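You will see two complexes here that share chain A, one where it goes with chain B and one where it goes with chain C.
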Partner chain A sequence: MTNMNDQKIAPSFIELNARKRIFELLDNESMKELLSPFERLTSPWLEKQGIVPQFDDGVVVAKGEIDNKPVIIAAIDGSFQGGSMGEVGGAKIAGSLELAIEDNRRGIPTAAVLLLETGGVRLQEANLGLAAIAEIHSAIVELRRYQPVIALVTGPVGCFGGMSITAALCSYLLITREGRLGLNGPQVIEQEAGIREYDSRDRPFIWSITGGQQRHAIGMVDSFLDDDISFIKHSVIEHLALGIPQEFRSDAIDSSLSRLLSVDTTAQLDADITRKIMTQGVPL
Partner chain B sequence: MDTFHFSKPALTAIVSPTLVGCVSSGDLEVMIEPNTNNQLEVTIQTAATGNEIRWHQIFDRLETVKKLPAMKMDIHDFSATPGVVRLRIEQALEQALTNGEYQDDQHE
Partner chain C sequence: MSATITTQNLAATLKGQFWFDALTIDMVESASPVASVRIADGKLGDNLCRFIVVQPDANNLYPRARNGEVGLLEGWSIAKAVNQIILESKDEPVKKAIIAIVDVPSQAYGRREEALGIHQALAASVSAYANARLNGHPVLALLTGKAMSGAFLAHGYQANQIFALDDPAVQVHAMGKAAAARITLRTEEQLDQLASDIPPMAYDLQSYTSLGMVEKVIKLKFTDTPDTEDIDNVSKVLTDALTNIDPNDTSLSKRFNGINRAASRSVRKLLKEQWGN
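Moving on to the complex of A and B:
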């Protein structure tokens, strides 16, 4: 229970559920949820595999306003099936981004905010989840030409798999210290590379590689946020006001690629060396 | 996964659509919607199999305090303990029956 008298404890954003996160980011009374849980649009595939579904399929999408500007906002509920993207949840995000694109074609400057708490594609829905992620990607690539698309990775799940590509495609990417970003999750890397290479239960090590602080230090994200509702909302407003970036991160692959190619993979990398390579281009 | 359903006659009440909780480990979501045919209709999907008797016991126990009104209640349970189940159901009832018709005496 939060002690409201203790001014040192800022109200946490990470502790909010997906719907409450959207409610807090949007202007007062402007939230209009699309395909709410009362529509009962659950995954048709989970029940067949003996898995209990959730009424919103783990994704909340809404229209509303941030700082009096129209936005589409989607939040993934990381607590349901690890925030995995299935057919329904993926289509909700893709569809809402497409609504924003239609708005922009008609002259309404609708931007988008994505709150990503996801392990990537839902394995139980395999190809349909992948197809949904592909639709999300093409929608972001189109929408970001009109208005900013902001991705927010606050944790505790982080953003992995195909959805980490989603985060990287966005105009701006914001992260907290608890947030993590990576293509493969720690357990997948451990399984493939061995526990001596990558111990997924060594939390300080995992966060030193994929955590928000490191991702910000090596220039993979635009802003590093405190876990504070008003601070995060303020930062989203600031990035919406920045408009379309001069160069999209996904177009700036040459510089990252040249650094990666210079890495000597015979020696074990750690967080400090990675920082040096990515920021100063120091080859080993 | 087990799915079961039960219904019985109940008194009408003003019920607003409500959703609480989430389908994560040890938790459940409870959705309440109005029902026009004077029936309490409960549908439960649960990850823990073989517990139908326990679910009936939870509802019997709830009704020793106050009879449940007519409504549709849908539960998606991800192996919550009976204590958590009861808390979530009471939370949903408190939100759904905003006119204060449902007052759990034990909370007074």
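Moving on to the complex of A and C:
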């Protein structure tokens, strides 16, 4: 249910679908969707596997402006195939970022905002999803040299698999309490490493490790946001205005290595121990 | 090149290590923060280059990364090895090449890994490799065994050119078969059957090459016991690649030409038409 009519409760961003999320973040009347569902550019692989495709392949991309600055914005629809990256959806994101790079080479300062609700590669398109994610990575590393690339993880799906690497490459990474961020999904870790290593049904444990609050506490995101449309929009504007960061999170090599080399791995760790490890010494 | 290394039916996870040793036999091994990431510097033909491999280390500080997985330390250590080269050749007109020997069964799956941010560690090596390529370093990947999922993203997938040995041990995929079956609610047999119809779902090299990502598949006389001629041949392919590479071609766009990548091309074409300006 939406809270729009309740004056006391802030309107929720998480409850919006992908297209509406983009609409809310962009300046009024600036939204121009690219490859809209009317193009009917669907996955060439899903129908062969008995899965009904979606006309936007679960990814909405649009050009527009935020605070009068040109942006390309992409939102993954977490409700279609778990927000998984297939060939078409992946190419929509990678291709848009590549065009934003071309804009910047020609002096048009197009920045990027990525709304990531995704389990990672769509296993039904496995290697093409993986390839598209590598291309998204490449484009982010190039575009962030010119303009901020902002990742926003609000939930409910969270951001996993190769797309968590995507988030970690961005100039700025924003998360809500309802957002989660991790490389491997809980089920996969349990499958590969056993239930004692990672109990995928123990939800409080999973959230204590990968939830937005913990990610903020250990310095792996730039901002921890309430689920409130205007609050989130304000934070995106603020981070766009910050420009290019002094050091990208992905380039903090020596501090990260020395910290990880000093961890006592004879005992298992939990959220509290993780906070101690990650907040001692040099900040990320 | 004289390979003094003898081989006896190499296990899949040792192929990366074997090829690293064989191809860098005349080079100098450089210091690395961890035993699971090895670095060697030298020349291929006239081209200065650095080889990097991830290999098993039974004493890895992180128990979930002892079988050649790319884990927390591996991600950051690869990043360090690549960044050193970027910094060293910052003012050099000819950039040193980087060659990733790829035999990575997976990323590390574990509690410590998630808690301490393995996604950030893998982003570090992705960032380093991509920066190297964008700065004009020739970056090659040689697939000698498994190239799986996040591990491949972190070690190899950002290369200008990807080469693969013609060996059934070379497999590329987004997830191991058992886990993929559980997540997609299918049996492994069903996955195999689907893969025969749907090239991006297959694990084998031939299907993967149809996607357009592989520059060249290198034939071997003896896949499990490569001899000097095999090693010299692989070395020559890599040397030729470095000699012929265009340092101004820093993008990945060559990869879009695969016969089974038509949708990736049409999406980009339509995006460009609709982009405006």
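The criterion applied here is as follows: the second predicted complex is superposed on the first by the 274 of 284 C-alpha atoms of A that agree within 3 Å, B and C clash if a C-alpha of one lies under 4 Å from a C-alpha of the other, contacts with A are read in each partner's own complex, and residues count from 1 in each chain.
Assume a residue touches a chain if its C-beta (ideal position, glycine included) is under 8 Å from a C-beta of that chain, and two chains touch if they have at least 3 such contacts.
For clarity, every value in this text was computed on a predicted model and none was experimentally measured.
Looking at the shared chain after the overlay, A:Val188 reaches chain C, while chain B stays out of its contact range.
In the superposition on chain A, contact is made by A:Lys92 with chain C only, not with chain B. Contacts of A:Leu130 after superposition: chain C is touched, whereas chain B is not reached. Of the two partner chains placed by the overlay, only chain B lies in contact with A:Phe55; chain C stays clear of it.
Of the two partner chains, neither chain B nor chain C is touched by A:Gln280. In the superposed model, A:Glu47 makes contact with chain B only, not with chain C. Applying the stated contact rule after C-alpha superposition, one finds that A:Val141 touches chain C and leaves chain B untouched. Set against each other, chain B and chain C differ in how many residues of chain A they touch, and the higher count belongs to C. Using the contact criterion defined above for the overlaid structures, shared-chain residue A:Asn28 touches neither chain B nor chain C, since it reaches no partner. Residue overlap on chain A between the chain B contacts of one complex and the chain C contacts of the other is empty. Residues 1, 17, 19, 22-24, 27, 29, 31, 33, 45-47, 74, 76-78 of chain B touch chain A in their complex.
On the chain C side of its complex with chain A, the touching residues are 33-34, 61-64, 72-73, 76-77, 79-80, 83, 106-107, 109-124, 126-128, 130-131, 133-134, 149-150, 152-154, 157-158, 172-176, 178-180, 182-184, 194, 197-202, 207-208, 211, 213, 251-252, 255, 260-264, 266-268, 270-272, 274-277. Contacts from chain A toward chain B in the complex involve residues 17, 37-38, 47, 50-55, 77, 79-81. For chain A in complex with chain C, the touching residues are 32, 34-35, 39, 41, 43-45, 48-49, 61, 63, 87-88, 90-92, 95-96, 98-99, 103, 108, 120-121, 123-135, 137-138, 141-142, 161-162, 164-165, 167-169, 181-185, 187-189, 191-193, 197-198, 209-210, 218, 220, 248-254, 256-257, 260-261, 263, 265, 268-271, 274, 277-278.
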